[in-house]
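Encoded as C-alpha cells, the structure appears first; notes follow it.
When the chains are written out, they are named A, B and C in that same order, and each has its own residue count from 1.
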Amino acid sequence: MPARSIVAIVGPNGSGKSTLLRLIGGLLTPDAGEIRIDGRPVEGADARIGFCFQEPRLLPWRDVLDNVAFPLELAGVPRPERVARARESIALVGLGGFERARPHQLSGGMRQRAAVARALVRGPSVLLLDEPFSALDALTRERLDLELQRLWQETGTTIVLVTHDIAEATFVADKVVVLSPRPGHVVAEVPVDVPRPRDISMSTAAAFSEVAEAVRAHLAATDDADAPPRAVA
Amino acid sequence: MRRSIDVVTGILILLVACSCNGTGNAQPTPPATPLKVGLGYIPSVQFAPFYLADQMGYYRNAGLDVTFQNGDDAQLVTLIGSGALDIGLSDGTSVIPAVSQGIPIVYAGTVYAKFPSVVFAKTSSGITTAAGLAGKTLGIPAKEGSSWIMLEALLASAGLTTSDLSISTYPDYGQLVAVEQGQVDSATGFANNEPVQMQLAGDPVTVLTVDSSTPLPGPGLVVGTSTLAAKKDALRAFVAATLHAMKDIITDPQAGLDAAIAVVPELAQDKTTQLAILNATIAQWTSAYTDAHGLGAIDPTAWQKSVDFMSGLPDTVVAKPVTVDQLVTQELLP
Amino acid sequence: MKRLQAVLPIAAAAVLFVVVWKLIVVVGNYPVFILPAPEVVASRFVRAWADGIMTPHTITTLSEVLIGFGVGAALALVVGYLLARSRLAERLLSPYLVAAQATPILALAPLIALWFGTGLTGKVLICALIVFFPVAVSTMVGIRSVDRGLLELGRSLRATRWQIMAKLEISAALPQILGGMRVGVTLAVIGAIVGEWAGADSGLGVLINLARGSLFDIPLMFATLLTIALIGVSLYLVVVLIERRLVGAR
C-alpha cells in the first residue's frame, strides 16, 4: 500500500477483513509473512498506527478530552502536553466544545468522531479503520466519509478502511482491495481514479459507478466456488 | 388444648352425675393452673429440682400445669416483668438493677444461698485470699454482669479495686482454658463448673468466694409483681413443690441426675462430671441462714448489704435507689 | 424545589415509622422495658451522647469497622481479580471462599476471640472476613464482565498489564465493586457487633449487653441500636456518594 493513500478493503463476511486489519495493527501476529511500515516491521501494537474499531470503545467514566488523551497517558506523556495534543485532535474531528462531555451524552456519530480523534492523537502514520461507521445512519455516515477525506488531507496519514459498503469504499478510497472468503484471498485491487477533493454531489458520478460495478463484479465472482484462488499480494 | 377438652368433658360428666344423684358429695377437680417457668440459658443438671418436681408429679399434684422455657438472664427478667413468664430462676444481682429501672419483679425464693460466681486459681499459683490477687492476672468474660460485681465485692473485702490487678477479658467458657494453660493466674467462674472440672482433671484448685464479706444474692425464684397478685396460691404451691424436690435431691443426688438426664439425654455421656457438678450445685443451695430459717429463705440483711455495696460502686448499675422491700417478698415461702 | 421533592418522601417515611412505633407502644400499652416509646429512646440517645457513655464505645466500634472493612476489601479486590483472571485460582480458592461464607460468623466469633484475644485484632478479622466475600465476588463478576473491546483497545495502545488493570479493568468494574462494598460496609458493622458480643471491653456491642443484661436500661439499648443503625446508614451513604462521584456520570 502506498504511503499517504486511502485504501479500502471490501469483502463478504469471513473473508478476513478485520483479521487483516488486526495483523496490520499488530494486534495479531502473522503465521507467515511480515507487515512493514516505511520499511520497518510491525511487531506488536505499534505507536505508528492508530486503530479505530467498529464501536467507539470510549471509556464511559472519562470525558471526551480524557478519552482522547488516553493513548498519550498510557505512553507517559505529561499532562499539559497531552491535554494540548488531545484538544488539537478533538478540534480536528470537529468535536471542539465537547471536551468535557461524557460518552453517554454524545450521539453515535460524535462518539465515533471521538474515537477517530483518539486514534489520531499520537500522530500515527497509518490509520486503521474497522467498519467504523457501519453502526451509524446513512446521513451521518456520508458526512463522516467526507470528514475522513478532510482528515486525510490535513494529516497526511495513510488510511486503511475496512468496510462492507461498496459505495463508501469507492467514494473514500484511492484503491479498493477485494477479498474472497474462506480462506481469504485478494481477488482484485481496483484503483479509483477520481480526483480529490471529492464531494457528495459526485458520489453518483460515472467514475464512481464504474469502480463500484467492477468491485461488485469481483465480489460476485468470489461466490463462485470454481473461481481460481489468487495468492495474497 | 387436648387436656383442657378432657377437663371440660370430665366436668360435664361429673355435673350430669351430680344432677342424677341429687345428693352427690364428690367435689369436681379444679382445672390445673398453667405456669410458665423460665430457666437458665441452656438446659442443664443445675435445673434438676425443677425437672424432678415435674417428673415426680409434685407440680401436677399441687394443681399446676408447668411448662419450662430457657433463656438468658436478661431475657428472663424482662419476660417475667412483662408477664410472659410467671416465674423464673434469675440472678439476685440482676433483680437489683432491674427493679431500679422500674421492671416490676420481685425475688421470692432463694435457690442459691451462696453466690455461685467465684474466683478460682490453681493452688500452685499461691493465691489463697482475695488480698493475694493484688498484682496478679485475672480472666473474666466481660467487665460487667454478676461476675464483675462479685469481683468488685471480693476485692473490696481486701481493700483492693479492679485496678490493682491485671484483668483480661476472655470469651465465654475461655477462662478455664486460660487458667489451666497459665495464660492468667486466676479467673472468674462458677462454683459448680470450672473448679469442679479442674478438680476432676486432678488439678488442685483454690476458690475465693464473697459470701463471708458481701453476701450477694444468688439465683433464685423471681416473679412479676402483677403475676404475684394474680396467681399467689399457684406460685406458693410452685415454690413449695420446688423446695420439696431440692430436699429430695439433697438426700439423693442420683435421683436429681436421673431427672436431668430424662430431660437432657446428652448429660448421660459423662455421668461422673455431671454428678460432681450437681453435688457442687447442691452445696450452693444451703448456707448458715437457710440452715436456720429453712431452704429457700431470703435474708433481708444480706440483701441490704448487697444493695448498699452495689449502689456505692463507681460503675454502679443501680439507676435509682431501691429498698429491700421493693426487691424481695416473703409471701411465697412456706 | 426539586431538592424538597426528593427529601419529602424520605422525611415522610421517617415520620410514619416513628408514628407507627409510637402507636404500637400506646395501643399495646407496652412497658418501657419491653418497647420504649420513640421519645423515650430519643431523649436517652441525647443523654447518652451528652454524658459521654456513647462516645468511647462508638469510637471503638467505628475503628473496628473501618479497619476491618479496609483490610477485607483490599484483600477481596486482589483475590477477586485473581479469581476473574485465573481459572486455576478460581478452582483452588472458590470452595474455601464459599465454605467460609457459609460458616456462620456467630459461631466463629468466640473462636476468633479465643485465638486472637478480645482486642482490636479479632474484631478487625471478623469484619474483614464478613466483608471479604461480597467484595471478592462482585470484583470477580465486575472484572469478568469488562468489555473485551476495551481490553483490545488497551492492547492496541500498547498498555502494560498493570495499566490495563489499573486504568481499564478496575475502572470498568467499579460499579460492581462499589456495589459489593455497599453490602460489605453494612455487614462490617454487624461483624464488629458480633465480634464484641464474643468478648470485648468496649464497643457498641458491649454497650448493648451492658444496657440489656446489667443495667436493664432498655432505652439505652435502643439508643445504642440507633447509634449502630446511624453508623451503618452513614457508611452506606459514604459509599453511595463515592459511587456517585466515580460512577454516577457514566
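General observations
Assume contacts are C-beta pairs under 8 Å (C-beta built on N, C-alpha and C of every residue); 3 or more make two chains touch, one makes a residue touch a chain.
Note that this is a predicted model, so its numbers are computed, not measured.
Number of steps on the shortest path from chain A to chain B, with steps defined by chain touch: 2. The most distant chain from chain B is A, comparing centres defined as mean Cα coordinates.
Averaged C-alpha coordinates give centres for chain A and chain B that are 87 Å from one another. Centre-to-centre separation between chain A and chain C, using Cα means, comes to 49 Å. Averaged Cα coordinates give chain B a centre that lies 39 Å from the centre of chain C.
Across the interface of their complex, chain C is touched by residues 72-74, 77-78, 81-82, 94, 97-98, 100-104, 141-145, 148, 168-174, 177, 317, 319 of chain B.
Contacts from chain C toward chain A in the complex involve residues 147, 149-150, 152-160, 163, 167-168, 171-172, 174, 246-247, 249-250. Within the complex formed with chain B, the residues of chain C that make contact are 30-34, 109-110, 113-114, 117-118, 198-201, 206, 209-210, 212-218. Against chain C, in their complex, chain A makes its touches with residues 25-27, 44-47, 49, 51, 53, 55, 57, 59-61, 70-71, 73-75, 102, 104.
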